[in-house]
Structures are given as structure tokens and as C-alpha cells.
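Take this structure, written in C-alpha cells, and hold onto it; I'll ask about it next.
Chain IDs A, B, C, D and E follow the sequence of writing; residue 1 opens each chain.
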Amino acid sequence: MSFLGSLSERDRVFDFLMPAQSPVDVRHGPILYLEDVTVSFDGFKAINDLNLTIDDGELRCIIGPNGAGKTTMMDIITGKTRPDTGKVWFGSRHNLLAMNEPEIASLGIGRKFQKPTVFEALSVFENLELAMAADKRILPTLTARMVEPVRERIEEVLETIGLTELRHRPAGILSHGQKQWLEIGMLLMQRPRLLLVDEPVAGMTEQEMERTAELLTGLAGKQSVVVVEHDMGFVRSIARKVTVLHQGSVLAEGSMDQVSNDPRVVEVYLGAPDEEA
Amino acid sequence: MLTIDKLNQFYGESHTLWDLDLEVPAGQCTCVMGRNGVGKTTLMKAIMGEEPVSGGNIRYADDVELTRRRVEDRSRLGIGYVPQGRQIFPLLTVEENLRTGLAARSDGLRGIPPRIYELFPVLEEMKHRRGGDLSGGQQQQLAIGRALVIEPRLLILDEPGEGIQPNIVTLIGEVIRRLIAEDGLTVLLVEQKLPFARKYADRFVIMDRGRPVARGDIGELSDGLIKEHLTV
Amino acid sequence: MWLTRPFSERSTQLFLGVLIAAMTLVTFLHLALPESNPLYVNAYTVNLFGKYLSYALLAVAVDLVWGYLGILSLGHGAFFALGGYAMGMYLMRQIGDRGVYGHPELPDFMVFLNWDSLPWYWAGFDMAWFAFLMVLLAPGLLALVFGFLAFRSRVTGVYLSIITQALTFALMLAFFRNEMGFGGNNGLTDFRDILGFNLRSDSVRLGLFLATGVALGLGYLICRAIASSKLGRVCVATRDAEARTRFLGYRVERFQLFVFVVSAMLAGVAGALYVPQVGIINPSEFSPLFSIEIVLWVALGGRATLYGAVIGAILVNYAKTIFTGVMPEAWLFALGAMFVLVTVFLPKGVAGLLAYRRKNSTSSSTPGNTSNTKEVSA
Amino acid sequence: QEEEDPIKVGILHSLTGTMAISESTLKDTVEMLIEQQNEAGGLLGRELEAVVVDPASNWPLFAERARELLAQEEVDVIFGNWTSVSRKAVLPVVEELNGLLFYPVQYEGEESSENVFYTGAAPNQQAIPAVNYLHEQVGVERWVLAGTDYVYPRTTNRILEAYLQEEFGVAEEDIMVNYTPFGHSDWQNIVAEIGRFGSEGKKTAVVSTINGDANVPFYRELANQGIDAADIPVVAFSVGEQELSGIDTAPLVGHLAAWNYFMSVDTDANYDFIDAWIEYTGDEESVTNDPMEAHYIGFNMWAEAVRKAGTTDVDAVKDAIIGVTVPNLTGGYAAMMPNHHITKPVLIGEVQDNGQFDVVWQTPSTVAGDAWSDFLPGSRDLISDWRAPMRCGNFNVETGSCGGSTAAEEAEAALAE
Amino acid sequence: MLLLMLLLMPTLAHAQDQTQNQPQDQSDDAAIELLEALDVSSYADKGAAIEAIVTSDDSRAREWLQELLDGRLQRTDDGRFVVVLENRGRDWPVADALTGEALGEISRRNLERIGINNALRNQLRSAIAVVDLYSPDLERRRASAERLLGEVDADLAEPLVSVIEGEEDDQVRERLVQALAIHRIELGELDALSQLEGSLHPRVRVALNRAASGDDPVLADAARSALAGIEQQLKINRGLETLYFGLSLGSVLVLAAIGLAITFGVMGVINMAHGELIMLGAYTTWAMQQLLPGQPGLALILSIPAGFLVAALAGIAIERGVIQFLKGRPLETLLATFGVSLILQQLVRTVISPLNRTVVSPEWMSGSLHINDALSLTLNRMFVLGFALVVFAGLMLIMRRTRLGLEVRAVTQNRAMARSMGIRATRVDIMTFALGSGVAGLAGVALSQLTNVGPNLGQNYIIDSFMVVVFGGVGNLWGTLVAGLSLGVINQVLEPWAGAVLAKIIVLVFIILFIQKRPRGLFPQKGRAAEG
């Protein structure tokens, strides 16, 4: 009976036609939850018993020395690296360890890589087009058409990242900083629930940094953002809560002031306070 | 140390460097600044010979005309290069990466100078790890260490602090100063971060659309200049 | 519809225009002129062109996976041959009791090797629809299974190339075996009829030539439609940065599989059209060197352009026809030199030369035109 | 005017690719024969002209080239092919365009085409006499049938298996059959296996249908594993002087080959042929072999038939050639039989350390080639006779009808009209 | 045989005397008569004539038998018996069969060989063996004893007992004891069995098999249990043999692939002409043997440096002529080098010949190393195996211990950066390509001892070579070694029960499936670096 009923609901799409993702359940608070995660490479523990929780809508900064495991942590969240032990949950429903990269991405986790990676043979415009949130299965992709709202959205992002003029150039010829921007743009097109941003302002001028800061803080609230950055000026300008990673686990956590005054953080990371600009 | 005269460069049909003049005085740190995509990296590549130029001169150490030298010979003349994006050899171990720098040394040294490991202890720790496995910042340290292995007279650094933890950035700055003071090294630096530039550079050059638009002692780098040339 | 989208592209219009014009011209010169006319195209030549066109379709199939997906398949000959065998089996069954032993059902080679009955996998090949379906399904299924395994395990680059080569090599050895029931080394020959028409008549030859031309046009269109769709761009993205594409939420392995299977089917169709025109299918079509040669056609014509693949296939094979006749002892020198010179002097193949000329002529009229770069690199 | 045009002789042998090794010599042979014929005044007062093409060891290309020779170049006759598959590829073309093809290589039989003349041996002109010899003269009781995995060895071995069992009552366990891929180069296991098979007390011989390139490593391995011709002789059907010229024969002395011609045959005709050949190639070391003799015979038969018919017209030559008899190089005569095969003596030779064969046995008289084997159930009842009025390549004596080949059909249709 | 042996005995002693005492002065008429009897067409008559020679007391008898066996005993048109000294070409140098005096060259048209067949060959060998039993030459006695295993009959048995007693050489004695024991078992003597136990010789097994199925139940039982022990031994030996076969096939694969592991694995050049470089090495060996006729061993040894050099120079030519223009376009090297390979192949066909060339194996590489009666290791393959390992070790040393190794990897991974570090990339390219090509040449030298030297040689190995390099993991020399050897062993283990064709197919399918499990070969590059 209810089956027949469902058939009569003409506005309802059949299940198998729906994108294969169920909404993220954040009723219990955190959108991302890492527990006791450990990963080692040939005996070297890059991540060591890491525990981390990101709340829905939060903007979190993660800092820590080179090699502390920040990028590796993002690799784990996005499915690129499998941890040896531990749990990684997205909301309270999705066990990320049981999924592969595209599945995780289609759940709404977007990432900007430390080393900017864009599709070099495709134009800037096409890079953004591919990143756009859409039905990413085969047939819809094959038959997808460039409709006006989509184009507008892309133009809008191009404007934001300052690459409007270069939109038909292949991404491969962009300068380093331009690639950084393009990756940020791709992230924006994706409209993910959770953004993982690895060193977004490397190679940017002060003023660009400010723009990036505005952009990220603007996103926070609607989306959750995790930022890894070494530029303390930048971190200070956006940070609410800061986590310090060291040797694969959390060394300190708290507000910017709290952590920057933590002697351990100063020792392993910041250096003598008078040196800090 | 380096005198560039009317340098022009094209990527296919797009003109990137326009009649560029630049003077890098010996024993000083000259910092090149400018917005994304104005051609800073291109200029460094042109000096190293990685991108062909179409016209202009680059004179090195008063008498050597670099444009007529092959790339490999430029480093043998004592130019060390830390490129943007690190460009380490991903499948070579850290030690092997460093050893590549030995080719350019004239003294036939066979081991890694200990000073490198003193500067960047993490490199010694990770000696046998493949370069590509290192974290971004570690790679950056490796790239700098590798350039230092050749004991350069002129060191070109393209955004060297990128991705490096603050205390090491400071350290790098200190090292630059020390090398300038002790060995008479000349440094050509590309840097966007004002505090760093202000602290460690002697002179600045601001580029816009392939041309230098302002230059002077670092003390002369005013907020007005910054506003004019470094903001969008 | 997505399939008609390429019609709006200049290059497609041009390609289809040239193809149709060439087919019409050949038909006209063959049918309307008297044999004495120097422009008369004889049946031999029509047949030859038909063969080139089927090779061209094969090259297009290879270019789809190589040019757009970045998968250098060194085993596409296998799909071509499977399509060819499916067609060959149909043609064998069409012989009926006209074989040398007059057996109503068994092909000659089975009779003299003492087979009592047709093996099960020969069933149904007496029906054209079934055989034609198998022309698509046999290579398609093989590609599906093989691709599923390989793409799922993320086999890439040379590793993928080499296992495609291993695949075709293994199939070659298997088909050489008489026990396989495909005629061993001698393969399938002595065809008589196709769909009731006598294969040895000139009009059927012309028909096959035209059918191949149509298939090439369609195949080109399909590939072009895929290449110019968003899916095509995902493919290019995969080629450049496979991992990155995954992080955008694309199930890369399915896209690869889809394109791979489509390409295999096209190759199968090419094989099916090839066999009745050359009159034989034998395991040497599975030879790894043949598969490498296909790649060479594509590279020579210009990778990732599709029409370049067509040009390359026709050019190399035409050169082969000419050289093996005109300079039988030295033609390999010429062919070898051609490969070397084109690679060294025409990095983008013959198509690159065409594009370059076109670009030069347009850019001289409209200086600073940058939108061309997109087309060249796509 | 037309009489002045040269007679065109097509040569369809691979000059490149894997088969060049065997076939390129045959091209030279035909060219030499043409040259000789022209020196002797040509044919019907016309010059002969060779049209050489290269099918490059590629079977579809064979068909294409054949079509080119017949349709484009309009040659009067073709000498060509080595492998059976290439012949199978060419067959429909020569039938369709009504050409003449002389095929000079030993083959598996089971074929008779109106347009093809088989001047090489059929199985009954090579394989059967060879095992007869081994059985009767050498006393062989156990048999290894080793071959390359393709149709000629498979068929030949089938015939032999049936023959050995039926005629000599050889038990199944006394026959070992082994197939290897083309160009097989690692024979260690197989040779060891043969060694074991042959050392169980019964006199054992290997009947080898191993093809071309695989032979060198095969014989090398035999020698190195110490398998001696006196213990386990190998009789080969595809190893001739040309193959031996690439092998260090010292360790092979005593192994056998069955052919219809050997270079060492002691006749004046042969010595003249060899001298002419050495002169033609300018190489003191160059050797002659069986397929070359087959072309020699085929060429002379064709020339004789043309003379007889007074024209090069294919149909006329086809009719005229049956019954034509020309001298072969072994001191006898070859006659063209109605089934388009010829009569040949069968010779068994032993390998000498100089790369030559020494004839140790030969059939008392020539043997006529049998298109359809008597030892295969499917072909037992078939005969071939291309003379009027039968004109059928596969006449079934049981059913009394002509089987399905198109040529026969057309003939029937023509008769009905 | 019977009669023959009986008559033989006195003659033998006589002949022995004569060779020691005096040269020869028997009447040549008798000798000519003996030889004349050979020159008949019937093989039965020839057999009788041979017997006559054996029983004659002519001191030249053994030489004649040997010459007859070798096919060198011939007759000229004018009826003179001669020995052919060299039988290549159209004119042959000969010597008088009776006096040994050199007679100069005679056209082969004017010579007629006294032909023998395999039956006569056997007869001759047995006759020579019996004669040689008394020879002072140890090698001859050994060969003779070997030959007599399973050939002893009643007439020979008796004198054999005394021969055994007088024999000083252990090996000869042991063989003769076994030979005699086989004979005695045939007579049903149970106690002879103990002398055969543990012998792996096939003749022994034949004898035991016959005894096991004989009428005497006691003997049959004993024979069966002896056989069981032998079978066990044989199994072990067969296992070892298969392993050896596998390793030796593997070493061929390794040799063929190892140069490619450098040019393709390390430099990234898809060198389709690799096979032709191998071919050049093989042809160098041939040319060397042409230059040094009669000294195949020396020629082979000189071919090692020469083959390396020739292939390396060809490699340099390819690098300079073609590959240097394709930097950064690795796939296109496939296209260009394929062209090069076509050209090289045809060049050999045109310049040398489309036919295979003979490369002779030197004495010391022929035959096999006798481990026991069931296991001998063929020498040529053993040399190739050793050679492969030496070449591998040498390469390893170069790549690990010299700057070239480091520099070539740096250049392939990031050419621009390597040059910025002062590495002379062009020189590195040339040297590396030359090295890889030279090693291919070495492979060719080795392969010339195993297989055809002809224009198709290269093609037969190119596919396998790529397969091995990829299976082992691109860029890993150890991988190439392990991959080559293990594919060889797998193949040889499969071959006996699957047959050669199926074994090859199975190996290919295995490679396909293995790559699914390990998408980057046996020894993959791990970590971030490899994923890029």
C-alpha cells in the first residue's frame, strides 16, 4: 500500500535515482570525530593516538611543526591513507574508514592540498566546472549541460579568486599563487560540509591573505572549516580555537593566546617570542 | 654580483618579462616582491637558465655572461637555487638529494658538509627516507639544504619560508644573514611576507607585470609602495 | 541529445564532411566511370579503402582511451580480433554445406580435425543478429571484466599497458591452439556470403566500404560526444591527476571502465567490418606487435584529437600498401624513418601540423587570439 | 602489339617480418628462373617480367597483395606463399579473380583448388614415407610427435597417429605428442622429457614438425643434453639446408630429414642448378633446398604448359598443365596430377657436419601427392580431379557428388547451362 | 654381434701390439679390398664389410671405422679412397685413406661419400667401443665403458671379467661392473642386483623393469624394490632438474630485460629497439667467430667487450639521433624507437642476410656437467646463468656505487632541477643509455649460445623483457632479477603438466592477476613519493 502510495507521489524521486548519500547527522554535535588514530610508515609513527573533534560550523586552526602529521591527518580523513588503528566518523552516521575517496568526497568533505594540485590540461573554467557539486555518476556526467545558473556560479567564483581573465587558459600555466587560488575556488564550487584547507596562504601577499581570511571566516558557521597554516599572522586573524599537533598527537588546544603562550608550543614550534613578528 | 639588462621572456606568445633591469649587489640580500603571477618565478628561472630568454643580458660576477652558459654550468659557477614548489627528487633519499649538489662543487668533496645537518637537524634524522615522503616543510628544508651543499656564491631563494614552521623560518633568516656576513654570500630572495623581508633583506625590488616598478633599500619600503603595488 | 552535441563543433563538421565527401567520391568514381578512365576506382581499391576505414575506427577507439583517459592500451588488437572472430564465426556458419567436406554444420577445419559437433560457443552464430550482438558483447565483456579488475586495483601507467599486452598475448597463444575451436593458426577463411549477399561481388565490397565509413562516422561521433562532454573532461582530469579527481567525488574507476568498454566495443565493430573485407581472421591480429602498431598510428596522426587517429591509421596503412608494392625490400626503412621523423619533427603528429597551420592562419588575421589554446590542448 | 608486352610473373613471398627468413630465398629463386628463361629466349617469344611485392609476413596483407597482383598488375601467374595460413588467405582471391598460384612448400593437405598448384609435398609425400622408413629400417617402436602449435603439425600428427596405430599397431602409450608455440626457445623440459621417454628400452624416434626458428634452440638442447642421433633420431619435416645453415651442425650428425630434394643429391641437373644459384647470389656459401626445387619444377611446368597452350590465358594453362611432365633435380621426373599435386620421390637424409644431408633411403619410385588424406575420417572419401568433365576438387566417392567449393559450384552451373 | 665379438678378441690384442711396434707394411691390396667392400649400396653388405675391417688385423682399422663414422671416408671418381679433411665449400682438401698423404683439393662433384645410416653408426660405435676397451687412452676407455652399458652379451661377458680385474680407473671399472651386472640379471642371477642398486642410469632401470616383469618371482620382487628406491631418487633429481631449468630460463629473461631495466626502468625511455640491440650483440658474436675461424671460444670471450661496445655505440646513436629530442615525451619514445627497430631489423636483413647465422659453441660450453646418471646440467645454460648474475652484480655496483647511478635517477625524476644542481644531464643520458644498450648487447652475446642469430631475434625478446621489468616493479633492478628468475621457474614447473603453450598462457594470466594484487609490481615504490 505504502509502495503504491510512494509511486503516486510524482514529485518524489526513486531511491536509486538519488545521489547515494544520506544527510550528515550532526544532532549529537561534532561533525568530525577522530579517536585514537595511529598510522605508521615503515615503523615511523606519523600519527600517534590522535584524538580530535570538530564541531559543526566550527573554524578550527591546526598548527604544529613540520612533520607533525597535519597533512597525514587530512589524508586519513579523506580516505587517502588508511590508519593502522582508530576511528574516524563524519557526523554520527558515517564511518569514514569504511569508505573510499569519492564516497567521502560526495559526503561533503572537500580538500585543498598543500601542494596545489589542479588539472593542468584543463582550463581554469573547466577545473571549476568539474569541482562543482553535482551528480557525479557516469550517465549524468555524460549528459550534463552547461546551464546558465552553473555558468553564473562559476563566474562568481572566478571573480572571487581573481582569475576571471585567465579563465580559458590551461591551469598548467598558472603561477604558484594562482594555482593556490584556483584550488580554493574549486573548494568553493564543491560547497562541502567540511573544508580541509592545507596551507592556503603560502605564497600569497599580505593583502591576499586578508582576503582569504575573510573568505574562510565567512564560510564558517554554514560550513565547518579546518585550516592548517604556518603563518601565525594569518592564524591569529582567523583563529577561534587552535589545535597544536606534535609528533602525531595533540600537544595543546585552546585559544590563540593560550597556545602561543604555552612554553611547549613555543619550544617546538614558535621559537623565542621576540623572534615572532 | 648580478646585473640584468633589458631582459625579455616569452611563454609562447605571452610576454612575461619586459625589458627588465635588475642589480643584485654582492654581499647583500635583495628581495623581489610582487603580486601573484607578475613573473618573479619566471625571472629566477631565467637566471638559472630553466626558461629561455629572448634578448637581454645577465652578467654574473662582473665578467660572466650567463645567458650564454648552459644550465648545468651556472650552478658550477656558484649559483645555488631553491625553486618555488621545492622540486626535490621524490624517489631519492634525503641524503641522495643532498648529494646531487656535490656535482657542482669544484673541490670534489664526496660527503655532505656537516654544516647542512647542523642547520637542519631533521634532515639528518630522515637521511634514509625518500624525499617525496617528507612533509611539505621538511621538503622545503631539504631544498634549501641541497642548494647550500654546492656552497654557492649567489643563492636564489624563491619563497623559501613557504610551509615552514615559524621557528625554522626564523632560523633560515638567521642563516642567510650569517652566510652573508661570514662567507660574503649574495642572496636573491623572492618573498611575499613583509615581516620576513623587512627583517632579513637589505634591498627590495617590486615587480609588476614583468617589470620592476620600485626599488631601494629595505628601509625605504613604505606602506604607500605596498599599497600601490602589492595589493590588488 | 548528448550525441548530437558534437555537430556544433567545427572539427566534427569538417571531419564528417570530409568523410561523407570521400565516400561519395569513391562511390561515384567506382560506379559511374568506365574502367578505362584513369580516375576509375576499381573494386580492389574500394576494398583497400574499406580496410583503411576499419583500421581508422580501431585507431579512434584507441585514441579515446589513450588520448582522453591516458591509458596506453597495448592490447586493443584483442578487442579488434574478438569482434573479427565473432564476425568470422558468423561468416563461417554462412558457408553452410558449401565447405570442402560438404558438412552441413561444421566448418572445414573442424571436420578434418575430427570434431563431431559444434562446440557450444559456436551456437547461435548462424543468426546474424546474434553474431552482430556478439561483435559488441565479446570485446565489451572482456573489457568489462579485465577493466573492472584493473581499475578497481588502481593499476595505472605502464603497469596497465603491460597487462593489456599480456592479455592480448595470452589470447593469441590460446587462439593458436587448435583445441580452442577457432581454426588455430589458419584462422577462419573462405567466406562466401554476408546477410545472403555474395562477399565476392563488387557491389557487396562497395557496400562494406560504405558500411565501414558509416561506422567510422558514428564511432567518431560517439567518441567526440564523450570527449566533449563533462565526462570527457573528467577523463582528462583523471589522466592528469587521478587522485585529485577522486577527491572531487568522481568514482574514477567507473569512468575509466565505461570509456574502456565503449572503446573495446568500437574496436570490436572495427574488427567485424575488417574481416569480411580482408577475407581472413587469424590469431596474428592478437599479436602484441599489432597492438603497438595501432598506438603508432594514433601517435603519428596526433594523439587526443580523434581525427588525428583517423589520419594516422589511413596514412600508415596507405604508406604500407604503397611501399610494400613499390620498394618491397626497403619499405621497412621508409616506414621506420617515417615513425622517427614524425616523432622528432611533429611532436603533435600530423594533426598537430594541421592545427598549427590553422592556428597560424587565424592568429595572423586576429592577433592575440587566445581561445585557440583551449582547443589545441583539449 | 599485345604480343610485345612482357609476360608478368607475380612473386608473393615475404621479404620482411618473421617469414622473410624462409621466403626471401624463394623470391630470388623465381627471379633467377625468370632470368634464365629470358636468356633462353623468353616464352612464346615474349619477355618475362617479375612483379615482386612484399606481403610482410602478414596474412591479410597476403590477400591484399594477391588482389593487387591479379587485379591491378594483371600478372599471368603467381609464385608464392610459405605458410598455410597465408595460402588460405590468398586462396579466395585467386579463385575469385581466376589466377594461377604455385605453392612450393610441404603442407598438411586437405585442400585442392582449381587455381592452385601444389608443388610441395602433401603428407603422403613426406610424413608417411618417413615413418615407414623409421619403422622398417630403423626399427622404431616408440614415437614422439613434436610440433609447433599450428595447423600443419597438428594435421600431420593426426594423420601419423592414425597411421601408426592402424598400420603398425603402435600402442597409445608409445606415442608422445607435444606442441610448442611459434619461436619456442626454451626446450630444456621437453628435451629432457624426450630423453626419458626414449630411454625405456624401446627404440624411439622423434618426428618433428617444429617450425623454422624454434629448431635452432631445439637441436642445441638435444646436443647439450647428449641425446644422440644413434639413440633417438629426430626426423624433421621442416628442417632443410637453409635452416641448417644457421645451426652448428657438428652435434647433430645423424639426425634425419624427409624431403623430396636435398642439395647433396648427386645429379648433373642438381649441380647445374646449384652452380647457377651460387652464381646468381654471388655467395659461395649459399645453399639450395626443397621448396626451391619445388619452384624450379613449378616454374618449368608452367612454362611448359604455356608453350603447350600457346597462350598465358589462365584457363588454357590450367587445362594444359595437367599431365605435363618436367625433370626434377633428383634425376627423375615430376608430373602434374589431375588433383593439382605433383609426383615426387621421397628422400630421407641424415645431417652431416657440413650442414648437408646425406641421402640414406629413398622411395623406389615417385609418389603422387594426395590432396585428401586416407587417414582422416572426414577426407577419406574425397578425391580431386580438375580435368573435364569432373572438374571437382572434393568429389565424394561415397555420395557421388562434388562438395561445396565455389569453383565446383560454378562448374556445375556452367555444365547445367 | 655374437660372432663379431668372438672373432674380435685375438685381433684386438694383435692390433694393440702392432700400433706399438711397427708402422705398417701390410699389403695395401688387402686394405683396398677391405675398403672396396664398403663401397656398395646395400647397407647389409656394408655391415658385413665393417665386420671384415674389424676382424682384419690392419692397424688402420680403427681410424677407418672412425672416418667412416664421421662420413669422411670417400671415394674419388677415379676410384681412390680418400679422407676428407674439410667439407665446406665446393672444393674439399683430402688425404689418401691408405697412406695419409695429403692430396690437395678435389671438387665435391668428383667425390662420393661412403654413406652409412644409423644402424651402421650403432654398429661402428659398438665396434669402436670394444676396441677401445683395451685402449691405453683413459678417455677412450671411459667412453667405451659408458657405451657398453646394456650392450653386453654372453660373448663379451667372459672377457669383461678379466678386463674389470685389470682396470685401474674406478669410474671405468664401476661402469663395467654395472654393464656386466645388467647382463647377469638378464640371465636371472639375483646377486647381481646389489651391484645395480642406487644406480640412476636409464639402462639400469630398463634392465630392472624387465626383470620386474620377468618370470622369476624372487628376482622380480627384488627388482621392484630396487626400482622403488630408484624412483624416489629420480623424483628428487627431477625436482632439482626442473629448478635448474627454471633458473636458466629465468636467467635468459633477466639478461634480456636487465638492459631495459636501465633504459626503461630508470630513464623512462620505452625503447622498442631494445630487442634489436640484443640482436646486434648476437651478430657481433657471429662476426667475431667469422674473424677468428677455428677459435670459437676465444671469439666468444672477445665478443663480450665487443658486443657491449657495438650495442652501446648503437645506443648512443639512437640517443643522440632520436631520443634526445623527445625529452619530456616518454610515450613518444615508443613510436620513434619502434621506427628504429624496424630500420635495424631490415638493415641486418639487407646488409647481412635474412637467414639465420651460425654461431658455434666452443668446446667448453658444449655438453653437460654430469652430476649423476639422472641429473646433468647443460653447460651452455650454466654459463649463461652465471653470466647473468655477473652482469647483474656489475650493474648493481654501477647504479649504487657510482655517481652515474645517482645522477641518472635525479635527471629522470626532475630534469630541470637536476641541471640546476649542476648535473650534466645530456652526458648522463648518453652514458646511461649506452650502459643499458651495452648490457642488451651482452645479452645478445649470451643468447647467441642458445638460440637463433637472425633478424627476428630481437622481436622474440622484446615483449618478455617489458613483462619482466614491469612485473618486477619499474625502476627496481632487484625486482627485475627476482621477476625474471621466478617467471622462469614458474614456467618450467608448469610446463611438464600443462604443456609449453598452456604454461605460457598461464604465466601471462598469472602476471595479469598478480598486477591486480600489486599494481606496482613485485617491488613497488611505496609511499607518498610514488603516488605523486
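Convention: a contact is a pair of C-beta atoms (placed from the backbone, for glycine too) under 8 Å apart; a residue touches a chain by one contact, two chains touch by 3 or more.
Since we're looking at a predicted model, the values are computed, not measured.
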Which chain's mean C-alpha position is nearest the mean C-alpha position of the whole protein set? C
Select the chain at the greatest separation from chain A, using centres from the mean of Cα atoms. D
Report the chain whose CA-based centre is farthest from the CA-based centre of chain B. D
Interchain centroid distance [CA atoms averaged], chain B/chain E, Å: 62
How far is the middle of chain B from the middle of chain D, if each middle is the mean of its Cα atoms, in Å? 76
On a C-alpha centroid basis, what's the spacing between chain D and chain E, in Å? 30
Going by residue number, chain A touches two or more other chains at 41
Provide the list of chain E residues touching at least two other chains, using ranges where the numbers run on. 345-346, 459, 501, 504, 527, 532
Where in chain D do residues touch two or more other chains at once? 15-16, 149, 179, 181
Over in the complex, which chain B residues touch chain E? Could you list them? 48-50, 70-76, 81, 83, 87-92, 96, 99-101, 103-104, 130-133, 146, 150
For chain E, which residues are in contact with chain D within the complex? 70-71, 87-90, 109, 112-113, 115, 117-119, 121-122, 125, 202-203, 205-206, 209-210, 241-242, 245, 248-249, 252, 345-346, 349, 354-361, 366-368, 376, 378-381, 450-456, 459-460, 491-492, 495-496, 499-501, 504
If we count contacts the way the header does, which residues on chain C are in touch with chain D in the complex? 42-44, 47-48, 51, 95-103, 108-109, 111-114, 173, 176-178, 183-187, 189-192, 200, 274, 278-280, 282, 284, 320-321, 324-325, 328-329, 331-332
Under the stated contact criterion, what part of chain E meets chain C in this complex? 270, 272, 321-322, 325-326, 329, 331-332, 334-336, 338-343, 345-347, 350, 459, 463, 466-467, 470-471, 474, 501, 504-505, 508-509, 511-513, 515-517, 519-521, 531-532
Which residues of chain A touch chain B in their complex? 41, 44, 64-68, 70-72, 114-115, 162, 173-178, 180-181, 199, 202-208, 211, 230-233, 269-272, 275-277
